[in-house]
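In the part that follows, the structures are each spelled out as structure tokens.
Both complexes below contain chain A, partnered by chain B and then by chain C.
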Partner chain A sequence: MSPLPGILKGLATTARTAMRPTHTAEYPDVAPDLPPRSRGVIALLEENCTSCMLCARECPDWCIYIDSHKETVPATTEGGRDRQRNVLDRFAIDFSLCMYCGICIEVCPFDALFWSPQFEYSEVDIRDLIHEKDRLGQWMATVPPPPALDERAAEPGEIAAATKPARGAGLVGGAGTAPGAGATGPGARMPRTVRPRPAGTGTRPPTPREPLTGTPESVPDDTPPAAGPPADGETR
Partner chain B sequence: MSLLEVAVRSASVLAAFLVLPLLVGQTEHKVMAHMQGRLGPMYAGGFHGWAQLVADGVKFVQKEDITPRAADRWVFRLAPAVALIPYLVALATIPVHPGVAAIDVPGSLVLALAATSVGALGTLMAGWASANKYALLGGLRAAAQLVSYELPIVLAAASIALAGGSLSVATLTDRWSPWWMVWQLPGAIVFIVAACAELQRPPFDMPVADAELVMGAWTEYTGLRFAFFLLAEYAGIVVMSLLVAVLWLGGWHGPFEDTLGWLWTLLKGFAVAVVIIWVRVAWPRLREDQLQRLAWVWLVPLALGQLLLTGAGVVMGW
Partner chain C sequence: MTSELDVGMGAGGLATADMVLNIGPQHPATHGVLRLRVVLDGERIVSAEPVIGYMHRGAEKLFEVRDYRQITVLANRHDWLSAFSNELGVVLGVEAMLGMEVPERAVWLRTLLAELNRVLNHLMFLGSYPLELGAITPVFYAFREREELQAVMEEASGGRMHYMFNRVGGLKEDVPAGWLGRVASAVSAVRRRMPDLEALIVGNEILEARTRGVGVLDVATCTAYGVSGPIARASGLDIDLRRDDPYLAYAALFAPGGPGRVVTRSEGDCLARLQVLLEQVHVSLDLADACLDTLAMLPAGPVNQRLPKVLKVPEGERYTATENPLGFNGYYLVSRGEKTPWRLKLRSASFNNVQVLSQVLPGCLVADMVAVLGSMFFVVGDIDK
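Showing the complex of A and B:
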């Protein structure tokens, strides 16, 4: 009887499966264990946003709404020039349109948008799916810390910027700058962007990986650091 | 037999008839779920969904009882009862403890088998009276299946009757010896396979093949009448499992059988029911021709061979 082995195999397979733990996720009772890079909801860190509109323009289905206005910041020094800065009035993401592509997060130059694994924000009324900036800001608490960097990876942009000597330091202080002076010296600029700390690094203060060996001519270049341009850029 | 005794016996059979199928149904939910890597019902009743089938029953009661306009009204409405009641009768004939059976008649084996065959008639009536092509096809398939598998069932049971020299289930169980489990084994296998087919359980569920016949003969049924068909199926599992338990597995024979005999019968029957559930989960549905082929090419000759063997054994005085 040729089908007999298959028949017994079927019985064995089902019996073996019955002995193993089940795969059922008891979702409402047990929270799912989502990977940190899950695309649940988009969180907004309002302090970092410069109303540059890049996210809104790149959004494939135009679900980001940004309103802003300019405010004049009076000069801080006598005879100085008044500065202008953007003030964010409205930042809203319509999650009924959002297709969770993450392009806005990719293009944001100032790390103002983050993925959060939170996904329990369904609504009865579709209009309630428009999350205004306060609600988007509340999601920041759920943003997981970024995964630890790989061993011997390049420094994160903030740390590289922080450890860079202050502008003009090379010219004034000369070539004998000690390692670490860039971070601790009076001229050091801390990054203006705030960002969740990497899981591995904790609260360790940023330390330079290698002593600065640049010549005085090469140190002060005018290009702003990649991750911390507002220090120069916004009030220029 | 006094009127009170009749009432007590009837009530106890009815209680068993309402509890045991639910127990088997819940076991099926859970066993099937775990065999598929799931948990099965978890909410109804609190603890691991024990009240799921009670909740299902409440749901069925609330549903509208619809009779299609073109249906053969009386036959349509009568069919669930015809499917259900015979299993109640069959269950009453099964002894669970030495000397304890709701109906103790000399030919209880014949009565039980006859009653279970009537059950399939309910499916036929439903299929014909629904005035629905799916139901009709399902009914016809059920009829063909009934004709094919009734024979192996009767032959396998006849072998046991021959071995025990009686037509009374209680007497047969009384004369049972562990040796029967060996030399009546082919008959037991034939009986279980044919019982699955008679109950139209997967892998023999061609009459209700939901992918092609919607729900076979039950397509047009709703609410409580539909629930009766389902209850009949699970009551059928209970009856067939208990028959296997008392005829082939010795029923109440076991340690402390004077006090715990009923427990042994129920446990053995439950084990057979789990096997029937297991088979349902493990194997895909047989095609109509494969189904007929299995009955006529394998089961009937096997049952006849078993009958021959038993006859020889009885004559030789084994």
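Showing the complex of A and C:
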């Protein structure tokens, strides 16, 4: 059996493909176009962290290190009570152990951790893969807004919680403030956490695929950790 | 003449001595660290023994000290080419033991993702198997199609290999807006360009000469060794859990008139195994299209259930088997009512499939060994666990 027909057929396929545009991208020169959900690196929004240790406990290979101490905040009013609060001393993720499962981000009750598609942080020394909280904080600039959900998706939990009538709304002289109307009524609480804007509420159109640009330093700070309008009077 | 030279010349009237040849653990055709201890008489294999365990990570023992969400992380890693299907077995078992009903939208999305994962897995082997036979080109075409599908998988789940998208009670979150449309175009692009890959493999005289009639595996050996998946079907064993013990939405897809069908061959040689893989890609693409059609008609709804903070599975035991791309994948879950399983036994497809090499390889030539080895379509992580 002559192998010639098969070889010619293969060469014809190759010739046909050679006529078509290329499929490859020259990586260091052309940045890959990564979707916002891409799990590249974990960013820390330090202001939101209460050092509750949930992420460190739920991590399947325990690669999150947290140190904190308690500080006493003196009472602000006469005869008031001194309060204690946790102060975060160290928050480090060892990316040489991390399995990129995202459980820490899922369990964080105060939205202090976020995925960023940024992936360019390879190191020569494995010990440099431990990112301390300042380095984790720098990644926040690269966190894209979450993509809008499919039209048939159930509304996200945050929105469902925000549109739910406030607790005690139906009572006499109800303290039921309109959700999201700000902290006016006695029943309303100040939102404790700040978070990046979800897609659609920002100034930019919600692009489903964010192009990834450069290192965290070079990224224009257009997705700030929006300490801005408390969009939701959500209760957690 | 020294005795060593006699060995090299093999049969032909000269006195020969058996030679023990060690293949691996780092041979590229082994997809990881499988070692074969082969006894040769000249060019012919007398006996072959797969030596496994170089990649043993103790997954089953690790499962016992992890909660069910953490188990999903580990479970998707044993067969790194079918991560979604691996996750599926764990969560289906836990859901069944909890008596949990999964939203319909999640069921169809899971079916869609499982089929896309199957295509990804098969394309990997359709690229790498010719590579092992010496044909370098097909792998580029296979990877082009893989990239197309991996892009949509990454857009939904955030991962390219370890999706970590299943949760007990459904999926992690709903898919992004417009994603279903992008899946449809990715599926049609892969289907449109599949002939490119097929032109290099199917009917190629060199590939056929290397694989036809080589490494024939009969049905009796298949059943004796518990071989499953495309390898068993290439030997004529007509068994597919998607049809025979349907889970997810497969009952509807494999119903008469549905797009699902079980691909079988009767030859049982390396070529038949490759053909089954190739045809299964087409079937899976059809199934993915059917899932997309159904998803477009389903009413809006959630994709997961509200779970308690601490998820405890009631006391009991259950064996959950799924049809993974490489064969049967089973999880035997024994719970004592704790938040971790008391035991989670993993039955992986490659473990059984690779054992049969000790029956198939004897009688083959050394030159055919790589052809037979590659056609068993295994992942070493799936063997060693």
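We adopt the following convention: the second predicted complex is superposed on the first by the 148 of 236 C-alpha atoms of A that agree within 3 Å, B and C clash if a C-alpha of one lies under 4 Å from a C-alpha of the other, contacts with A are read in each partner's own complex, and residues count from 1 in each chain.
As a convention for this text, a residue touches a chain if its C-beta (ideal position, glycine included) is under 8 Å from a C-beta of that chain, and two chains touch if they have at least 3 such contacts.
If you're wondering where the values come from, they're calculated on a predicted model, not measured in any experiment.
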Considering only touches as defined above, state whether A:14 meets chain B (first), chain C (second), both or neither.
-> both
Which partner does A:99 reach: the first (chain B), the second (chain C), both, or neither?
-> second
What is the contact status of A:60 with respect to chain B (first) and chain C (second): first, second, both, or neither?
-> second
Touched partner set for A:115, first chain B, second chain C, both or neither = second
Look at A:37 in the shared chain and tell me whether it touches chain B only, chain C only, both, or neither; answer first, second, both or neither.
-> second
Which partner does A:153 contact after superposing on A: first (chain B), second (chain C), both, neither?
-> second
A:5 contacts which: chain B (first), chain C (second), both, neither?
-> second
Is A:23 touching the first partner chain B, the second partner chain C, both, or neither of them?
-> both
Residues on chain A in contact with chain B in one complex and with chain C in the other?
-> 1, 7, 10, 13-14, 17, 23
Chain A-facing residues of chain B, complex | 31, 33-39, 42, 278-279, 281-283, 298
Which bits of chain A are touching chain B when the two form their complex?
-> 1, 7, 10-11, 13-15, 17-18, 20, 22-24, 26
Can you list the residues on chain C that touch chain A in the complex?
-> 66, 69-70, 72-74, 77, 105, 137, 141, 144, 147, 151, 154-159, 162, 164, 172-180, 196, 199-200, 203-207, 209, 295, 298-303
Show which residues of chain A lie in contact with chain C when the two form their complex.
-> 1-7, 9-10, 12-14, 16-17, 23, 34-35, 37-39, 58, 60, 99-103, 106, 115, 147-154, 206, 208-209
